[in-house]
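Two complexes, one shared chain (chain A), two partners (chain B, chain C).
This part shows the complex of A and B:
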C-alpha cells in the first residue's frame, strides 16, 4: 500500500552479492598480508602462518557454534567463555577422581549438552538470550570456582598431553579441530534441514512459525551446538596446559562475537555463514599476530582490535543499508 | 482571472535510471476535488512531493493562480499556499491537538499559553468537525480517524488554498471514512482546491469532481468523474482494457472439506459454524475487527480454539491445535500482513516457496537440491511467477508478485483447505484479477478456500458463498446472486437496523 514513488531496480540475485562479499574479504587478506610482509619479514613465513591459524583456532571453533545462534535470530550467548572453562574443569575433576579420559570426555559433553539445552529452552519460552546467557555464565563460573576452590586442577594423562600439544603432519591438533568444525558447521548450515530452518527462523521468526518450523526446537538446538563448540575449546585449552584453569576465559565471548560480526553475519539473523565467521576469526588473529611481531603494547593492541571491529561492522551495516530495501 | 488554481506543465523527474515523472501535465481548478490515481510506482507520490517542495523537477513549469512559481523548498511551497497531509500520519502523539495544529508556527505574537493556543485552535478543530474535542489532550489518546482529522486541521491553519491529501482514508474503517469524505466535500465547497490521492476507487465517485490518472510516470488528461466508470478508471491506470476482474464461478462442488462446529476462541466468544466444500470459495465479509480474520486464525491454529471441533475431510483436528498441526491436516494459511508472517522478505523467492515443505525437500534431514528445484519450478509454473526471479529477494518484488509467492508456497504441501486473509491487500488493481484467477483455479482443482476481506466488491465478485460478519457474529450466509453490494455493506456496518 505504501507507494515508493518510483520502482526500485530489483536487487541483484543473492548469488552475485555473495561473490562480491568473498572478493572483499579475500582482497582484505591479500592487502593485509602484503603490507605486513613488506614491513616485517617474519610475518610472511609458513611458521607464522601456522601460528596465526593456531591462535585463531580457539575462538574460531567456538565462533562456529556461536554463528548458529546469531543466524537463528537469537543474537549471542554471553556464556560461551564460562562454558569452555566449566568443561575443562569438569573433565579435570572427573579425571582426578580416577575416571579414564574417554569416559570423562563423554560425561563432560553430556553435561555441556544439557546446559545448552537448558539455556535454549528458557530462551525458547520467551526469555531474552543476552540476559539468560549472562546469568548462565555467572552461574557456571561460580560452580567452577566452587568445585576447584579457585585453584587450577592438574591433569596427568599422555592422551591429554598429546591432544593439547600434538601435531598431525606438522599442524597442531587445535588447528585440525578448528578446520574440522568449520567443515561441519558449513555442511550443517547449507546442507541440512536444521541449517535451512535456522536461516528461515533468523530471517523472520513469525513467518517461519507460520510455515511450520519448530522454532522452540531450533532455539534449543542452536544453543546446544554453541555449547558443544565452547566445551570443545575448553577441553583443548585444559589439555594444552595439562591443567584446567579457572582464569583466562574473559576474552572468549568478545573474540567470538567479534569473529561472527566481522565475518558479516547479520546481528538480527537470517544472513551469514560459518565460513565467514571462520575468516573473521583468522582476520582478528592475523591483525593481533602482526601487532605482536611489531612488539606493540597490550593496550595499543586492544584499542586497535576494538576500533577495527567497530569500523568493519559499521561498514557492513552501511553497505547493507545502501543495498537493501 | 481564470478559475485554475494550479497548473503544472511538462514536469519530469528521474531517480537514477528510473523516470518517475515523464513530461507530466496537471491542472487543478479552484474549489474542486481532483482525484489523483495510479498504481504503485505510477508517480503519484513523486508528483505530490514536487508540490510539497521536497523534490525539484528537472524540467517543467508550475503556475499558481496564473503566476509562475518556484517550489524548490518546503518554505516556498508553503508560501505558495500549498499544504500536504502525508500518507503516514505525521501528528505528534505526545503533543496536544492544539499544539499539533500550530506545529508550523503560532499565528499570534505575545505570550504563548495553553489557553490562548486552545482558543486559536478552536476554529480549525470546528472546521474538521472536532469542535467538541478537549484540545489539550495528547493526540495519541485519540482515535486514528480523529488524528487524521487533526492532520487536516493543521493544513487549514497554514491558510493554504491548495490541500493535498495523500491516502487520508488508508488506515480508517468505514464509518470514519465517511467523516473524512464529508469534510473533503465541505472544504471544497468553502473554496479550497483539493488534490485527493487514494487507492479506494469507490471514494472517487462519491467526492471527486475530476480525475487525473498517472501511469508509469506519464499523465492522462483530466476527466470529469461524471463521464467515467470504475472499469474506465482502472483501464486508465493499468493502460489496457481490464479483462473480467473476477473469474467465472464453479459449476458444482465436492464433498465437505472443512467443517467447523461451535468453535470459540478468545477473540471469538460467539460460537462459529462453517462448512466449506471442495472446490468452493467462501468469502467472509466484514470490517477490521469484525472477526473474519479471527475465524481464519482459529482454523489455522494461530489462535487457540477453546471449544468446538474442526475437521478436514472428516478427520477431526486435536483440541487447541497449533499452526504446525493444522498444516499436517492440510490447512494452509496466509495472514493479512504478508511482511509480518507471510514471506521472508530478505530471502530468495525459491527459499520462500519451499519453506512450508522442508520435510519433502530435506529427506532424512539432508537438503535435496533437485527436489527444491522441482518444487520451485512447479510452483512458479502454477502461479505464473517468472522463474528467472527464483533467486531474487522477495522484498524486491511488487505486491502482486509477493502475494503470489505467499499463496504459492502452500502448493508444496498440497493443502485441502486454503485460508487467505485480505487476498489483495497491497496488490495493484492490474494484478488483482490475476490473484482472483489463481484462487479460482486452485478451487477448481479441488481445494476448499476461505478468504476474509473488508472489500465488499471483492467478496461479492469472487466468493461462491458469502458470510457477512459483524462484531464476532455471523450475520448471514448468502449466495452472491441473491444480494447486492448495498445489502452486504449494511450487514457489515450496522446489521441491527435491518432486524429492527
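This part shows the complex of A and C:
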C-alpha cells in the first residue's frame, strides 16, 4: 500500500466497499432518472419503464451468458448476435418442416450447445477468442443463409405467439426470462464450483491451472453458457415477430459487450458479477431510451455508446492498476 | 526439398494449386477479364490487410478498421468536388491522427488493444452515421470521371490495384530495412525481451496503429470513390476478410512473424476462392461461410506455429522424440 494522503485512512473492509459500490450505482440511477424525468415528462411513466425493461431484457439475457466469458478472462465473443439469429432460423426451419415446438426447441439448443463447445474448444487450445468468434460468426451467418436462402422464415404456432407477445401479471415474457437468467447466472457464479473456478481462472490463469482447475473445460463451458443465452434471445426474438429474421442482429454484440463492461466486469477477467451486467444492460437501455425520447439520431446514440465503453474500460483499467501498485 | 519447409513457399504452392483447380473447373475463371476483376476486388482488401498485418506484427489487433474505412469513404465522397487528391488526403489525415492517438493510448495505458479498439470500433461507426446524417452519399454526376479513372484498365491492372501492390511493396521494404520496422517485429515477437534490450515501446505501437487506420482510410476512400457511393454501414466485413487474408499469408496473430509478400499471397488466395464462387453463381451467404471456414482453418495452423499452448506442446513432443531417437 503506498498511500500518500495526509490523513492515514483505515483500509475499508471488502464488505463495506461492496455496499458503497451498490450505493453509487443505485444513486447514479436515481439521479439519471430524476434528470430524465425533469426534462422529459414521457420518461418517468410506468409504460416507459416497462418498455425500457423489455428492451434491456433482450441484450440483458445474452449479457448474462457473456459475463461468464469475460469473467473467465477470455475477453468476449463476436458471434453472439449470429448465434441468436441462427437459433431463431433453425427453430423456424425445424418447425416449418412439421416438428412440434418442444422438439424443435430441444434440437435447436442441442445444436447451439455443440457450436458453443466447438468455439470454446478452439479457444481452449490457445486461439484468440475475438478472431475465433469472428470466424464462427461468419460461418453461422453463412449457414443461416444456406438454410433460408436469405429470406425470413415465418412461424405459425399459438405457443410461439404467446412466448413472443404474452404477459404474466402484466409483465412481458421476455422480462421474466431476463429475471430468471439473472437469478440462474447469479446462483452459478456465487454458489457453484463452476462459478468459483471461472472467477479464479479469470483472475490468474496460471494459478488456476496449478491448483487443479481444468482450464480447458471451463473455457468450453463458458462458451456453451454464452451460446445458450444467445440462443434463448434468438428464439424470443423470432417469437416476437412470428418469423425468424436473418437481418437486424448487428447491434446485439455491441449492446451485450457494452452491458458487461459498463456493469463493471473487468475485461481482464476475475472481477465482476452477472448482477452488475444486468444493471449495465438496464443502464444502456435507459440511456438509449432517453436519447430516443430526445429524438437523437442512431449515429449519435452509437457514438455515445462507444465513447462510454472506452471511458469506462480505461477508467477501470487505471483504477485497477492503482490498486495493484 | 528443404525449401518446401519455408512457409512462404508452402503458401505460394497453395495459391497456385487453388488457381489451377479453379481454372480447370470453373468456366471463364482463367481469363484476363477475370484476372482484372480479381485484382480489382483485391485492391480494397489488400490495402486494409497490409495495415492490419503491420498491426498484427506488433501482436495487437485493430478492430476498428472497418469503421474507419466507412468514415473515410464518406469524407472522400463529400470532398470529391475538390478533386481526387484532396478527397483522399482529407480522408486519410484524420485517420492517421486518430490511429496515432489510439496507438499512444494503448501503449501508455498498457491496455489490451482488443478491448480498446472495440470501443472505438463502435464509436467510429457511430461517427460515420453522424457525418452522413444516416444517408448513403453518392458521387455527384460531374465527378463521375474520378470513378472512371480509378477503374481504367491497364493490361490486367487498374490504378487502384497498382496502388495496392505499391503499398504492399513499400510497407514490406519499410518493415525490412528501417529501424522502426525492426522495432515492430521486435516488440511483436518478444515484448518483454525487447524492452530489456532497450527497444522503445511506444513509438512502434503508435506507428503500427497509425498505419492500420491510415491504410484502412486510404482503401475506404478509394473504394467508395470507385464505387461512386459510400454508406455509413459499409465495410462491415472488411475486418473479417483482412484478418483471414493475413492469416492465409502466414502473418501470426501472436506477433513477430509475417511478411507483405505473404499478405499479397493471402489476399489473392482468398479472392480467387470468392471469385470462383461468384462465377459459379453461389449466393451471397456462400462468401461469408467460405471466409469463416478459411479463417478458422488458418487460425488452427497459426495455433500450431505461434506461441500458443498447442505449439509448445507440439514442440516439446518433437524434442522428446528426437532425444529418445538419439539415446
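Going forward, the second predicted complex is superposed on the first by the 310 of 325 C-alpha atoms of A that agree within 3 Å, B and C clash if a C-alpha of one lies under 4 Å from a C-alpha of the other, contacts with A are read in each partner's own complex, and residues count from 1 in each chain.
Going forward, a residue touches a chain if its C-beta (ideal position, glycine included) is under 8 Å from a C-beta of that chain, and two chains touch if they have at least 3 such contacts.
Since we're looking at a predicted model, the values are computed, not measured.
Of the two partner chains, neither chain B nor chain C is touched by A:170. Touch criterion met: A:142 reaches chain C, while chain B stays clear of it. In the superposition on chain A, contact of A:267 is made with chain C only, not with chain B. Judged by the touch definition given at the top, the superposed model places A:250 against chain C, while chain B stays out of reach. In the superposed model, A:304 lies in contact with chain C only, and not with chain B. Within the superposed three-chain model, A:204 lies in touch with chain B and out of touch with chain C [touch as defined at top]. Of the two partner chains placed around the shared chain by superposition, chain C is the only one that A:314 touches, whereas chain B remains out of contact. Once chain A of one complex is fitted onto chain A of the other, the partner contacts of A:128 are limited to chain C, with no touch recorded for chain B. Measured by the number of chain A residues touched, the leading partner among chain B and chain C is C. Per the touch definition, chain C reaches chain A in the complex via residues 61, 63, 105, 109, 111-112, 114-116, 118-134, 232, 236-237, 239-240, 243-244, 253, 283-293, 295-296, 299-300, 302-303, 306, 308-311. Chain B makes touch with chain A in their complex at residues 15-18, 20, 40-41, 43-46, 49, 87, 167, 170, 199, 217, 302, 323-324, 327, 333, 335, 340-348, 351, 355-356, 358-359, 362, 365-367, 389, 391-393, 395-399, 409, 425-426.
Those residues of chain A lying in contact with chain C across their complex are 75-76, 122, 125-128, 130-132, 134-146, 149-150, 250, 254, 257-258, 267-268, 297-307, 309-310, 313-314, 317-318. On the side of chain A, the complex with chain B involves touching residues 1-11, 13-15, 190-197, 199-200, 203-204, 206-214, 270-271, 325.
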